[in-house]
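By letter and in written order, the chains are A, B, C and D; residue numbering begins at 1 in each of them.
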Amino acid sequence: MKRGKVRSDMAWSTPTRIVVRGMDLCEEIIGKVDFGQMAFLEIFGRLPNAREERMFNAVLVILVEHGITPSTLATRLTYCGAPEAVQGAVAAGLLGLGSVFVGSLDNAARMLQEALPDPKAGADLDALAKAIVEAHRSRREIIPGIGHPFHKPIDPRTPKLFQVAKETGFSGRYVELMQKIGAEAERSYQRTLPVNVTGAMAAVASEFGLPWKVCRGLAVMGRAVGLVGHILEEIKMPMAEEIYFRLEEEASEEARRKG
Amino acid sequence: MKRGKVRSDMAWSTPTRIVVRGMDLCEEIIGKVDFGQMAFLEIFGRLPNAREERMFNAVLVILVEHGITPSTLATRLTYCGAPEAVQGAVAAGLLGLGSVFVGSLDNAARMLQEALPDPKAGADLDALAKAIVEAHRSRREIIPGIGHPFHKPIDPRTPKLFQVAKETGFSGRYVELMQKIGAEAERSYQRTLPVNVTGAMAAVASEFGLPWKVCRGLAVMGRAVGLVGHILEEIKMPMAEEIYFRLEEEASEEARRKG
Amino acid sequence: MKRGKVRSDMAWSTPTRIVVRGMDLCEEIIGKVDFGQMAFLEIFGRLPNAREERMFNAVLVILVEHGITPSTLATRLTYCGAPEAVQGAVAAGLLGLGSVFVGSLDNAARMLQEALPDPKAGADLDALAKAIVEAHRSRREIIPGIGHPFHKPIDPRTPKLFQVAKETGFSGRYVELMQKIGAEAERSYQRTLPVNVTGAMAAVASEFGLPWKVCRGLAVMGRAVGLVGHILEEIKMPMAEEIYFRLEEEASEEARRKG
Amino acid sequence: MKRGKVRSDMAWSTPTRIVVRGMDLCEEIIGKVDFGQMAFLEIFGRLPNAREERMFNAVLVILVEHGITPSTLATRLTYCGAPEAVQGAVAAGLLGLGSVFVGSLDNAARMLQEALPDPKAGADLDALAKAIVEAHRSRREIIPGIGHPFHKPIDPRTPKLFQVAKETGFSGRYVELMQKIGAEAERSYQRTLPVNVTGAMAAVASEFGLPWKVCRGLAVMGRAVGLVGHILEEIKMPMAEEIYFRLEEEASEEARRKG
């Protein structure tokens, strides 16, 4: 039984031609469209204008690389067991991009988009920010997109991303609401709780009209690039085996003693 | 016991600063470096010049999107079971980038780099191409990077990538050797076996000095971007559940009949 | 700086000996301990008694196989691109075991364990069930572990698992609470909402004292076994390529028409 | 266009019944079939007899747990970033089961099965072993399934698995050939090269008639169980964050110094 139609408009091809989002891959993309424009094309179905391009690239590059993290360690350790499957090592590193490290990106975007379903409607942002902070506080839930355990007092990426947003015309209602939420939270909790990088990315992604459900994908695209970088460094300057030997020895000390 | 030093030069950070490959993320990258340049920075440790940038971007965009494939289907089916974990859906799609679809990229790069360890040395490329084709033929092994089951008579991406290589000064010894291998294979097997997209990518990646072990990573980076595009389309225009229902019904027909 | 100790009691080894959970792998496990007992040993750190063994095995086998599903399709499609990496094909299939298909296992276990932190305390289960149903209803949240879109009027696995629980002495307070929640939900919503398989598994896992955070792992262990079965069938009777060709053609129809 | 039929005989279900490999899940499996038998059912399509059961279980349990390894570390590091997605943490750990750690299982099984396509035919095993060792030696390739970097002089799991094989009637021609290959390699290379655990598993899997392409799956099933054990220990006694902090600090020392 065929219940519905299966349809995708992403691309189609013939033996001699590949059409991606309506553009001819060979004639219009290769050598003409760069990687950031291509990512935009994939997400929005058209090429960006100059303002969009600068803003979107800023979002894409921001989480590519943060040195040795659980994610890059997972990639390196996986590579050391399966060097023939680079795709698996990258996949392993991506799998740690969950609720602890980038999940707040989705959550913050959801919070913003549900509070402000139509950014053009004249909502009272101060009232919204207050209501959001109070609602989270009463449920004892963490407000996504504010505060950072390490980058203190403020996450240095946020002002930079918001500055680019201003310069490119993307500093709209979602950015404003996110900032007001941070300010309101600081007032309410009486501690420094500025917008962090995922909060800033969530606000800008919302300005682009990107549904919150897919916002984490921006981090995933960027990190995939970074993880390939780590694989190359692992080839040239390996650490995975050393990590394994050291940790195996230390971790099993107690069990060995008991025999 | 500490056997060796663990070291990574990819990035380091302080609470107020993040330094990626020696560049200040906030001051020198966000809003200034685009996604393609960032990928180059991750791989080569420095920003590209204009020629390198155009060539590298051409390689990055070429495999981002090819419509409905086993890889994009795996992502969509995974997303339908775990929509809260976009990273997992992308990972699932990447895992299919193995020996059948992009593995020939590594294999072709290995073939080229082992044949021509120093591209500046005056090797006889005709002799090398002949020896390579003969060696594969005698072992009854497929020559990586030539021929394509669908894109016939020639993979349209190859001439385009090689044209960009010519225009940017990347049409060097590896590109020449790859082309000679294709020509020699056609002569030897008496059928059309032109260089395919992974052969072309392998040749250009070798011109960049990229070790063959990590060449598949170029496809992985690109495809990660495309898979996020498919997740967004799946949200807007889902197909996974329909596919599941249809195939479950058809596949189990025989077993149901037997009862 | 060493901030804390890294410790694991799972296993340790010398060149001539491997000790798993305090047992000698070669002398006490291989040929003596079966796969179900081994899973119990991994989770609980000791071998099960006969009652525990029967109950635990019932939980392990219940989700191993459900035919063609998004999860098994993802494994088969991934295998067709990377047959050299069976681990990746299994991983791809596991990645779909998220909120839609087995997430309710964690959620139901959490609900039970938070409502009844000490199963031996004389809590009023009727009152708890009523409060839980009301709380979910007022927040318009789905109650995890009850109802099933396909297995109607009741999920046939539930009475069977609960029967084994009765026979093995595992039909305790968590099982009772789960059943009362189902009954209360039926009363409150005025429709058939019996406990489903993940609700039943969550109740039994709670009887075993398994923390809710890891309950999904029971499904993951079982499904890993099932996915290897599907890979073997895919080798003998492939469907992935056929699926790909069919769906690619159908999905791109519209885009092809537009040209 | 429908090119071929999609068919799977693994399972089918109705709202009130689930049939797995021809057996009724609720009536014939839950509470009656244990996890090891279930794995056998998935792979061979029928329940094992007592001899098969003991042998198959021995193969399944042997690689479940080896303490802290790159694979278990990848799972723990992934879990620390995405604790809500246990399936992703297990998947990450499985992805490292590649050519370095368990790939020799496939390779050894392939070597045995290609040398001895019909184990009942009266092949000269001494001649085969000699030819295999010589062929590998002349191509300077490692012989899969013999020698071990850590478990010396002999991998203690091998004699145990072969003993169970003897006791259960599985010590057939493949086991004999594998042992002869080890002995011949020792003679040829003049060093201790006894059969290792993957060689022993490959031989036994071949006795079961399992195609070499899926032999790695035996390790994957077992390890999936072990990885859930590590997640539970990580919840109770975490190490991932400590590992991350330590390694980040040590790894970035040099880059920090350069500024």
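Simple rule for what comes next: a contact is a pair of C-beta atoms (placed from the backbone, for glycine too) under 8 Å apart; a residue touches a chain by one contact, two chains touch by 3 or more.
As the structure is a computational prediction, the values presented were derived from the model and not from experiment.
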Can we say the copies subunit C and subunit D touch using the same residue numbers, with more than half in common, or are the two sides different?
same
Among B-D, C-D or A-B, find the interface that matches A-C: by residue number, over half of the contact pairs should be common to both.
B-D
Chain centres from averaged Cα atoms put subunit C and subunit D apart, in whole Å, by 22
Hey, how far is the Cα centre of subunit A from the one of subunit D, in Å?
36
Could you list the positions in subunit A whose residues touch two or more of the other chains?
5-12, 67-68, 82-85, 87-88, 91-92, 95-98, 239, 243, 247, 251-252
In the complex with subunit B, residue positions of subunit A that touch it:
1-13, 15-18, 20-21, 25-27, 29-31, 33-36, 38-39, 42-43, 53-54, 57-58, 60-62, 64-68, 72, 83, 85-88, 90-92, 94-98, 102, 106, 150-154, 156-157, 159-161, 163-164, 167, 210-211, 213-214, 216-218, 220-222, 224-226, 228-233, 235, 237, 239, 242-243, 245-246, 249
Help me check something: in the complex, which residues belonging to subunit D touch subunit A?
67-71, 73-74, 77-78, 80-85, 88-89, 91-92, 95-101, 103, 239-241, 243-244, 247-248, 251-252
Residues on subunit A engaged by subunit C in the complex (per definition of touch)
5-12, 19, 22, 82, 84-85, 87-88, 91, 95, 247, 250-256, 258-259
